[in-house]
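First chain written, first letter: the chains are A, B, C and D, and each begins at residue 1.
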């Protein structure tokens, strides 16, 4: 529109709209002039009160095919297994976190699970404000002496998971070039990447390792499959024949691109992506570097059900099956015994501490 | 019932717009091969009537008969199909398209799926030759002078096989010579059986070309006559409803010191062509200097340079001996320049805003209209009330959006605004364009008053009559240069007309 | 608005009549009802109960009977409405001059960044100095960021739409880089250090209420916007440039500098929104800062039709919808995507009342009056 | 690795091929914008039209087990949104920016909502690549053209066709007239609003093609907001290209080439902060815009409803 029109439309029309808008707002107000019944339907008084679990996502949604989804899946498994009641609220803005937590607190939920390191501060604030409320938070631990006692920090050794994936990649590559497509450089992603690269080097010291993080201005974070696909292609052009995709749907775009090319294999992340990604990807999905967020939330709920909930950090790593490699599924036949043996060896080594990923105790995995 | 030689008959046409009865039971008939003039002031309902004929508006009542058949015209498409062509006052040409493209628009010939421009171009050339309408089919319309654009419009109508051709104020933008050539074109058309409706408010021209004249006033037919029967004065009083003084009353000029001095100014046009090739002249206090010339010969750019709206490439503009900082309209205003811009709607007013605001458009940031950065509503309104009174602006109230006023009242508001500042120099570009006779008289009177009060006045107008009536000195512009100067009292139309064509 | 006759007597625009009020109001009633019905239909198709969903939405946004610590959710709606209001004012100001500032999001980011840096890096200042300083830093950063687009428009004729879109992406990257690198604090999560207590924009009510002085600032911005745009000479200048750029130029207004000034003020408001968010709510800058306020606020600005009262109401509406969405999801399981569907329809119906009229006309049996085209 | 070393070893043909691919949806959006805006209707709803097409393409391609059916359905869905945009802005004379914004908000909401309600686990069949074993091995050309998605080819063809249509056919002539001076078109017997509706629908169809690229070429599934702002980049390219197909297409490359380059530089480990590297396309666009002195001139009647 020409600038004149823009201005004119503004100049001429305004007074009419104010009553109109005012009514719109008023209607919303009036809509509940009907008796605002206390929301009982959420907690029908049954014979014995059910245990209620609330989950608050970070700004990613429940269907991010990543840790929010995974966390929710664990909770739902607990619903099936223990008959607890569960609800989720997705956060639209980071400023919503505390509000959404508050909603569950007000409704008397037994356990509130928050997801993601972005929620670390707000979860802590809420925990300090409501010391009798049980919390669990995925991907965050509190290490200082004042750490709240009512929060279970669910931490993961993503580096170990990545390391195992790196071992497989390092051994399976024929071109001696391996790649990686990663989401934004946030701590869990960085730990995956660095563990993976350490794993490759552990078995194949002269392999070339490629990798790219999605930049903050490369479209929507963790949700630009087209960008991920383009980067996977870059790497295949450089000769990579195994590519690790760790970055929500950005990474999934990478896997989809790999599936279009002969002879290149992909490695998924977080869940066993064989079950979450499209059929196209199944035939090239070598394995997934799993981070059992679902297991951790399941266990957190279980601890509440069984009455042995304890605050403090709980690390999910190779020793408690909190992380691990997914099965090879369709590609099982292509994986030699050498590889399997090596993976087994590394698992043992990681368990007994004889093999290190190099990220043990590193506070900021994203720092160089 | 219809006489055989009547091509077109409009009966009882009535059209009402919110608040206005634009056409009130108008009857009009057009005979084959005649030029029928429709005479009336701005706002008399001429254009509405013709827009109804052309299908742009639907009448509230009334009938249109063509060749003895009753027709309904829903859209221009229908009108074109019936052989009605129209040359609008504001040309309906798309500036970014070529002449050919404009002419064939809506009636394209194809070669396969693609546009065929070769065939129509041949026909366009043919029509040009037949009627002496010289045009270049491949030129872009935006590069053409208005006179040529008008020819394009006529060719466009002929290309569509128009048997009835309506020309809405066709001479407004033409030089006397161009008017002559238009008239000879019209005579040629008439000879070939085309019937012409010629809309105008200029008595001389109507008398010169029309076979019959119908006069409209305030939406009604006042009467029909022929040039032979009615004199100019009689037509004028039919048109305005009262006797009209056709001469501007003014005493001889008493020039004072030089106020505006333009020294060898060169400037480019928006289209990056050299529009001013070195223009120099002075305007003294107490005189009106008129710039005559066909539009597009640099007058627009000259006015823009003087008023600080355009950066000159070279040269200087001095106001009372002091050079004006280039490209600062505000500086010019602050130093006593007033400017009536050529296109009122585009440059002169902000249509959506109130009359009161439009009356302080260039001074609202100063006391008393604004103090400490805050607008003083009361001062703005009382200023408006004063000017409304003084300049006889007809408006329901001061906060009416100025776009809702008639053209004449809008222009009076512009004049009022510009005259309300202390004025050393008045630059008036087309000050009476699209304005009714009453307003024209009023504005002319105010300009002369300003001169008599000691202001220097630079008048730029495409209306030669206006230049002749008002100017103490006349400069003629052609091709970006001043090509001649004449004394206002002794200048002759024909002489100036030749200068305007560049024939020195 | 009152108008003044040529004789100078003030009189109100028209005598009061209920019919007039009703004719102004019924399209709004119909609009909102229609939007609710349409979104309700969508909800129903997917098997949920729209009535329960709406009740939850309203309760979550406004009236929820709370626990002792939480008297009403309405205060949270005001918290949500605050950034919408400030951003939409900034965007509206641009519209008034005929500028389309799609870059509010980027200016918000830069404002937040600058005020957080001032907030944590300076210490030992009394709050009366520190807090204003941090706010001003945010305003300036937003102003500067938008000023780039304004300057390019004024000096080079670069379309502000394109430049501000591009500047958004650059702002994301700059903030992300800074938070991950130069000004990262030494914890696990990539974020800046906390701002000093002296830079915190305090809350209005005791915790856990979050309603903060930023809301008051936002209202002040709306009032200031009104005076700037409708009462000041600068505002008239901005509006004239928007209404008829050429006429403004002919009247001696410097159009290019008006563009620059408008963009700077517009960006300053957007920067202020960022500053308020971080100084009042976050109190540090996280790596993943707000998502999409700057874009949704374009809709708020459009809905508000440029008038501060309209913008405030629109911001309130959006704030209420955003705030109620969480509770709606909690209580009825309807995903908050439906909010966007409702927003879309409300905007359409408010912006084009003719649609509502036609819909009702069609709904009526007699079709004789339907205009023939 | 050193920047210079990296710049020397980058495979530029591959880079250009990647940029061409990435340009596909953006160019479709730009082309769609050109048709709509040349006819005088602002279309900032392209993003939403792409998004809804991406969703519908996915869902229908899965249901029908045919990418072609999906493509048609996706285009149809985008055209429905376009039709609504036309209805609001032409019939009801709503501010066209408001109407476009509504389209964007609505598309984001409805696709997200349906995705949540219905899921998107199945994988949609892809549209084919245009790949020829022999032609593919031609140096440069082979890489650039003969192993590329079908829709990229369609896009290139549409760029050419759109140029011809706009500047060499009656349709284009009428469209431009309607967008420049609708009254002139009206007096020439052209139904102004019908032309506008149809061009807005074309705009929707093209945006629909752009949306299909996401789900029928890039990934075989849908995620909310997956168009990631590319419709807006397309608008920027349209303005940059002065509402003309070929320059607009080149403008998309101006954007995707640096993005591809930034990806490569990061991959090769150039020691620059990757966050800042990723701003390369945006920076370059701004710098180019600032350097280009020519002001872009939108169609004169853009944004103005035509009222007789």
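Just so it is clear, a residue touches a chain if its C-beta (ideal position, glycine included) is under 8 Å from a C-beta of that chain, and two chains touch if they have at least 3 such contacts.
Model, not experiment: these values are computed from the prediction.
The interface carrying the most C-beta pairs in contact is the one between chains A-C.
Relative to chain D, the chain whose mean Cα position lies farthest away is B. Averaging C-alpha coordinates per chain places the centre of chain A 70 Å away from that of chain B. The geometric centre of chain B is 44 Å away from that of chain D, both derived from CA atoms.
Annotation: 31 Å between the Cα-based centres of chain A and chain D. The set of chain D residues touching two or more other chains comprises 95, 97, 112, 116, 224, 275, 278-279, 282, 300. Residues of chain B found to touch two or more other chains are 351-353.
Across the assembly, chain C contributes residues 1, 100, 169-170, 173, 176-177, 180, 239, 243-244, 246, 303, 335 that each touch 2 or more other chains. Of all the residues in chain C, the ones that touch chain B in their complex are 1, 3-8, 227, 231-237, 239-240, 243-244, 246-254. Against chain C, in their complex, chain B makes its touches with residues 307, 309, 328-330, 332-334, 339, 341, 346-353, 356-357, 361-362, 364-365, 369-370, 373-375, 381-382, 385, 388-389, 395-400.
Those residues of chain C whose C-beta lies close enough to touch chain A in the complex are 1, 21, 24-25, 27-29, 31-33, 52, 54-56, 58-67, 70, 76, 79-80, 95-100, 169-170, 172-173, 175-177, 180, 184, 186-190, 207-208, 210, 239, 241-246, 277, 281-282, 284, 286-293, 303-307, 309-310, 313-314, 316-317, 320, 322-323, 325-327, 329-331, 333, 335-336, 346, 350, 353. Interface residues of chain D, counted against chain A in their complex, comprise 11, 14, 18, 21-22, 25, 42, 95-97, 112, 115-116, 119, 121-124, 126, 129, 213-214, 218-221, 223-226, 228-230, 259-260, 262-264, 266-267, 274-275, 277-279, 282, 298, 300, 302-304. Of all residues in chain D, only 88, 91-95, 97-99, 101-103, 105-106, 108-110, 112-114, 116-117, 224, 232-233, 235-236, 239-240, 273, 275-276, 278-279, 282-283, 285-286, 289-296 touch chain C in the complex they form.
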